[in-house]
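Have a look at these structures, which come just after this line.
Both complexes below contain subunit A, partnered by subunit B and then by subunit C.
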Partner chain A sequence: MTHSRRALAVGVVLVLPVVVGFAYALLGATDVIGGLGQPPGLARIQRVLSEAAVWRGTAWAMWVAVASTTLAALLAVVLSLVYDGTSRTDRLARALMNVPLAFPHLVAAAVGLLVLGQSGMLARILMFAGVIADSAHMPELVSDRFGVGVIVALTWKEAPFLLLINAAVLSGHGRGYQEVARTHGASRWQVLQRVTWPLLWRGMSPALVAVAVFAFGSYETMVLLAPSNPLALPLLTAERYVDPALARRNDAFVLAVLSMVIGLIAVAVYERLRSRIEDVGHV
Partner chain B sequence: MSEHRRRTSPSASGRLLRNALLIVLALWTLAPLLLLIVLSLSRNWYAPAVWPSVWTGEHWGRLVAAASSQREALLTSVALATLTALLACLLALPFGRLIAQSRGWPRRWAAAMAFAPVAVPPIALATGMHFSLLKIGLAGHFGGVLVAHIIPAAGYLTLFFLGAFSAYDLRIEEEARTLGATRGAVWRRITLPILRAPIGDALALAFLISWAQVPLTLLIGGGLVRTLPIDVFAAIRAGDDARAASGSILLIVPALLAIAGVRVAVRRTGVVGL
Partner chain C sequence: MGFLATRRRPAATSRVRTRTGMLRAQTFVCAMVVAAISMGACTRDTRATSTSSELRVMTWSAIESSARGQTVTMRMWRGDQSINQFMDTWVAPHLASEFGITLRTVEGQGPEIVNALLLERNARANGTADLVWINGETFSNLRREKLLFGPWADRVPSAALLDSASPIIMRDFEQELGGLELPWGTVQAALIYDTLRTPNPPRSFDELARWIHAHPGRFTHDQAFTGVTFLKELMYALNGGVSKFQGGFNEPIYTQASAKVWQWLDNTRNDFWREGRTYPAGVAELHRLFANGEVDFTMSNNQNEVITKVRQGILPPSSRALVLRDGTIANAHYLGIPASAPHAAAAMVVANFLLSPEAQYEKQRPEVWADGTVLRTSSLSPDWQRKFGALALEANAILSDTLSKYARPEIAPQYHERLNADWRARIRDTPNR
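Coming up: the complex of A and B.
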């Protein structure tokens, strides 16, 4: 069918830069290009992938992605349940949650640094209130091992996006289903458990994958708020790409291939979840 | 729509909790903006001071000064984001429409391929693309950064238009054609007026994707293309918090306007994209 063929052609055009980028990264990773005398082969890939720093950086980036996505989802669900009406309070709450949408990730991270840093606003207020004696007593929230700063900044930024999706889900068929369940005698708790939660979960699940993969690759958030040990995968990639030791620069291509593979797996999962919603929607 | 929403009247303690939570929410969302505004109007505001002692307008004055690098960065960003919005929209509108006309697995695959440039970590995408852009002499130039910004924006907008066209009945166009309208007339009199709101939203979205972009600009521009986000990034790393704050506010304002605009458009038309 021509419609199918045209749609696929469009997809190919859009994915082409990724394919070209992937191909170049693969050529660099195997030292076919830019190897500086290194014979082409799998030696570099083997060496880089056996570095503990690479896997720790990958695991760390995944940790902050999963933690911030989970917190953002919890916040979005709670807020969409608490402020789901049409009163002034409800509308004000939803309007307030639009503010973080306007912040670029870079600015959210910069504010994170200004608020959570060792001599940031939080430390100053705590000192002013006499809770801590000086900034040395402030617990490390930025560049810390667990990524508290990164997680807070990403949660702050992503929760409103998930809230928008929840609102769209509930204002569609959701409201009707809830009312039908209530008319049939379901308790509030039963409606939440059997109707609202399944609806939200199904509606949110592809967005959760998208948010997690954005968080995983959020270079600007990590460069300002993440620790240098372990060095998160996006930072490690950028660092190797401009390494003063020229022979190590191609390492970045191995790491780029690794990130792209993780990103593409996320695309596959996302599409599966999304098409499940679409199929249900058409029935 | 929402008029039929019914709540069992909340108890007094429930209402108190909702109001208390609202205050926390206001602090959580507005405090960062307030901090940036105060910071952009202060001088030498260091720890442990919780409030600035010297106020100044000099950080804003820098934006009107003729030979200011921050102003130049602002203008570069405006040009880049505007061109990205126009070009990405021009590509994505027909693309989204074509995908919307297909069914089954080709539709799913096309949508997945459109999502790929959005989902792949930008630093990885930039590393891979840098080589090809170097080859054609675009790395380190405005044009190269523009191409790099259009790639994720076009993917995102294609998905957006796929959503918009899925709710759009193409039979209206066929009917107009059977009644004798030319292709051009169908576009002018039917397609464009119906899609005016989604097109406006799409332009705003693509503008913002470019407007907030950091890693692609940094790597493809190689430090030679200085946009406003790059200026803010450099300022914050150099410890020039006030300059970072005024730049940040400039980055936020268009997005706030766009979000307000998109909400108005949604309310007016009832069309919700992606």
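Coming up: the complex of A and C.
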């Protein structure tokens, strides 16, 4: 097998679960399978997509995805710029920052609950310090409308992932480019603006799309920390899949298709942006 | 949840360029080949399994001997440590030593069981479960889709010991059992409160509404089965009892009766936990809020759950169960055998054992599961009668005569489905104000 054929085979194997999953969800959404007497067609898709709860849940999950990805990216950039040295403390700091990577998202969500909950550790500390009188006065950070708990948990989980990528980018050619720029008389700000930032941005941007799409569908984080209104799209999907009324269960496939389409759009937008940037020859 | 596995991180796939038509065609062909191979691999094998008509004519000892050496896979809710422990460390060893049967319990509650069996049927795959733990709408769904084996339940010798006079045991959400499921246990819904925090708890829905207004933010219910059961009890209470709803689903009655439920909730929910803007996902989350002191009530479908949860240290020791005088719902849960079960005969032997006085007693012990028996204990031997009688005297158990006085039966599963769907749309997704 030639190299290109092998590459193709690997690609096919990687994309196959997505294709099969998408096709299966589509068959379910159109009642071709599991319709239980419902004639195949677009009726289910029309009904589900006309529900306000679906779009509110989608918007909410998008908000959480964008907010947590932005925060994680900011955190990762700042930390990788501040602790980019080769000293022992810097290296130790970078190693410690990777610790959250070892925890599954469900554990991160459970920790979020223990710390941020109305009767959680933070509330107890604030009560002890006399900042709040009792747990009822603790601001809602879990099951809250704005998803603070979900955003914090996802940021805590995803920032180290981005940090790892940044560290790889900077420790590769990055340091060399920075040195060259400095020897040519660039100021610290110019190095950051013209060398470091473009390098980081380019290295990090595919990961940002991955993180955002993952956060958008992060059922395990939302199931513990998200509110029931609006019910986030992943939770709504799971809820429909086990609806007591059998006839509504295929609704979950419509919602699964919706999530996949949104994920694909995110990837397509990214690819377009990237090719435009590459065409311009920036960096 | 299988379909969730299809969610993926696109960064890996975004690098796969599918720009040329040739590649698209190859992908499609590959997909078809893999699909065909996997279909072929899981097409139903024609290995002989006993059909229900064969099992009907076999003697019980023949069924027992044919079951020897087989593995029974039981699909059940695995969310409670004490139940898992009973099944894995008490039932399984007994089955192995007495009947030569290996019991394997796997996760899957109501809706997941239905989905798994439907999926197996659609894929024409071999059955993966021999025994399922079901009731209510799950039974109704499985039966309507003809996914249950049987009738078999009347062939099981222990069935003669059932409390066959009890409508709560012998009717599952108003449905005839039809020999398609065997009663296994019985429970009655109850509120749980802390005697230290709430020395004088409300005893009726009217009192509860007043209590909620007087203690804003200290009451809520969950979004799942237990929460809907609570709403159903509220519906009975606000509409003069259960009798109005008996005899199958009736749309006009439901519409009229549920309107009172929504009105009651609209009048009280501003004083619910988080002003009724959000609700705990399930009863486990509600237990957590109660144990952490965020709310003053939790609830359970099993009046004895408070005993086991206190023993496990999940709920405070001063927790007690409470049945409202308006009545609380009692129901039973059952064992079914899927139509696709590879080891139906062995599943029957397991079910028979689970119904034996020995297993029913063990299951009802508060330090084990505290699940009520479905046997008519008065016709058991004096020894067993004494043992079952002693169980009712547990310190924080509600006396059985009180329980039966306020027990109300389940109604057609459609009421449950509609209350569930309408509560989500009218209450949960539509904030008050």
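Just so we're on the same page, the second predicted complex is superposed on the first by the 256 of 283 C-alpha atoms of A that agree within 3 Å, B and C clash if a C-alpha of one lies under 4 Å from a C-alpha of the other, contacts with A are read in each partner's own complex, and residues count from 1 in each chain.
The criterion applied here is as follows: a residue touches a chain if its C-beta (ideal position, glycine included) is under 8 Å from a C-beta of that chain, and two chains touch if they have at least 3 such contacts.
Every value quoted in this text rests on a predicted model; they were computed, and no experiment measured them.
**Q** Given the touch rule stated above, what does A:243 touch, subunit B (first), subunit C (second), both, or neither?
**A** A:243: touches subunit C, not subunit B.
**Q** Of the partners subunit B and subunit C, which touch A:105 in the superposed model: first, second, both, neither?
**A** After superposing on A, A:105 lies in contact with subunit B but is clear of subunit C.
**Q** Quick check on the superposed pair: does A:259 touch subunit B, subunit C, both, or neither? Answer first, second, both or neither.
**A** After superposition on chain A, A:259 lies in contact with both partners, subunit B and subunit C.
**Q** May I ask you to decide whether A:168 touches subunit B, subunit C, both, or neither, giving the answer as first, second, both or neither?
**A** first
**Q** Based on the superposed arrangement, let me know which partner A:230 touches: subunit B (first), subunit C (second), both, or neither?
**A** second
**Q** Quick check on the superposed pair: does A:270 touch subunit B, subunit C, both, or neither? Answer first, second, both or neither.
**A** A:270 contacts both subunit B and subunit C.
**Q** Considering only the touch criterion stated at the top, classify A:114 as touching first (subunit B), second (subunit C), both, or neither.
**A** So A:114 only meets subunit B here.
**Q** Regarding the shared-chain residue A:86, is it in contact with subunit B (first), subunit C (second), both, or neither?
**A** So A:86 only meets subunit B here.
**Q** Which of the two, subunit B or subunit C, is in touch with more residues of subunit A?
**A** Tallying touched residues of subunit A, the top partner is B.
**Q** Touch test for A:33: subunit B only (first), subunit C only (second), both, or neither?
**A** A:33 sits against subunit B and subunit C alike.
**Q** Which subunit A residues lie in the overlap of the subunit B contact set and the subunit C contact set?
**A** Shared contact residues on subunit A (touching subunit B in one complex, subunit C in the other): 8, 11-12, 14-15, 17-18, 20-25, 28, 33-34, 119, 135, 210, 213-214, 217, 219, 234, 237-238, 241, 252-253, 256, 259-260, 263-264, 266-267, 270-271.
**Q** What does subunit A use to touch subunit C in their complex?
**A** Spelled out, the residues of subunit A in touch with subunit C are 8, 11-12, 14-25, 28, 33-34, 36, 52-53, 56, 117-119, 135-136, 140, 143-145, 206-207, 209-210, 213-214, 217, 219, 223, 227-231, 234, 237-238, 241-246, 248-249, 252-253, 256, 259-260, 263-264, 266-267, 270-271.
**Q** Residues of subunit A touching subunit B in their complex?
**A** On the subunit A side, the touching residues are 1, 3-15, 17-18, 20-25, 28, 33-34, 79, 82-86, 89, 92-93, 96-108, 110-111, 113-115, 119-121, 123-125, 127-128, 134-135, 156, 168, 171, 175, 179, 188, 210, 213-214, 216-217, 219-220, 224, 233-234, 237-238, 241, 252-253, 255-257, 259-260, 262-264, 266-268, 270-271, 274-275.
**Q** Give every residue of subunit B touching subunit A within the complex, in rising order.
**A** Listed in rising order, the residues of subunit B that touch subunit A are 1-8, 18-19, 21-22, 25-26, 28-33, 35-36, 39, 46-50, 95, 98-99, 101-104, 106-117, 119-125, 127-129, 131-132, 151, 154-155, 158, 211-212, 214-215, 219, 229, 232-233, 236-237, 241, 244, 248, 251-252, 255-256, 258-259, 263, 272.
**Q** In the complex formed with subunit A, which residues of subunit C make contact?
**A** Against subunit A, the touching part of subunit C is residues 1, 3-18, 23, 26-27, 30-31, 34-35, 110-112, 114-115, 118-119, 122, 137, 141, 144-145, 217, 223, 228, 274, 277-279, 281, 292-294, 413, 416-417, 420-421, 424-425, 428-429, 431.
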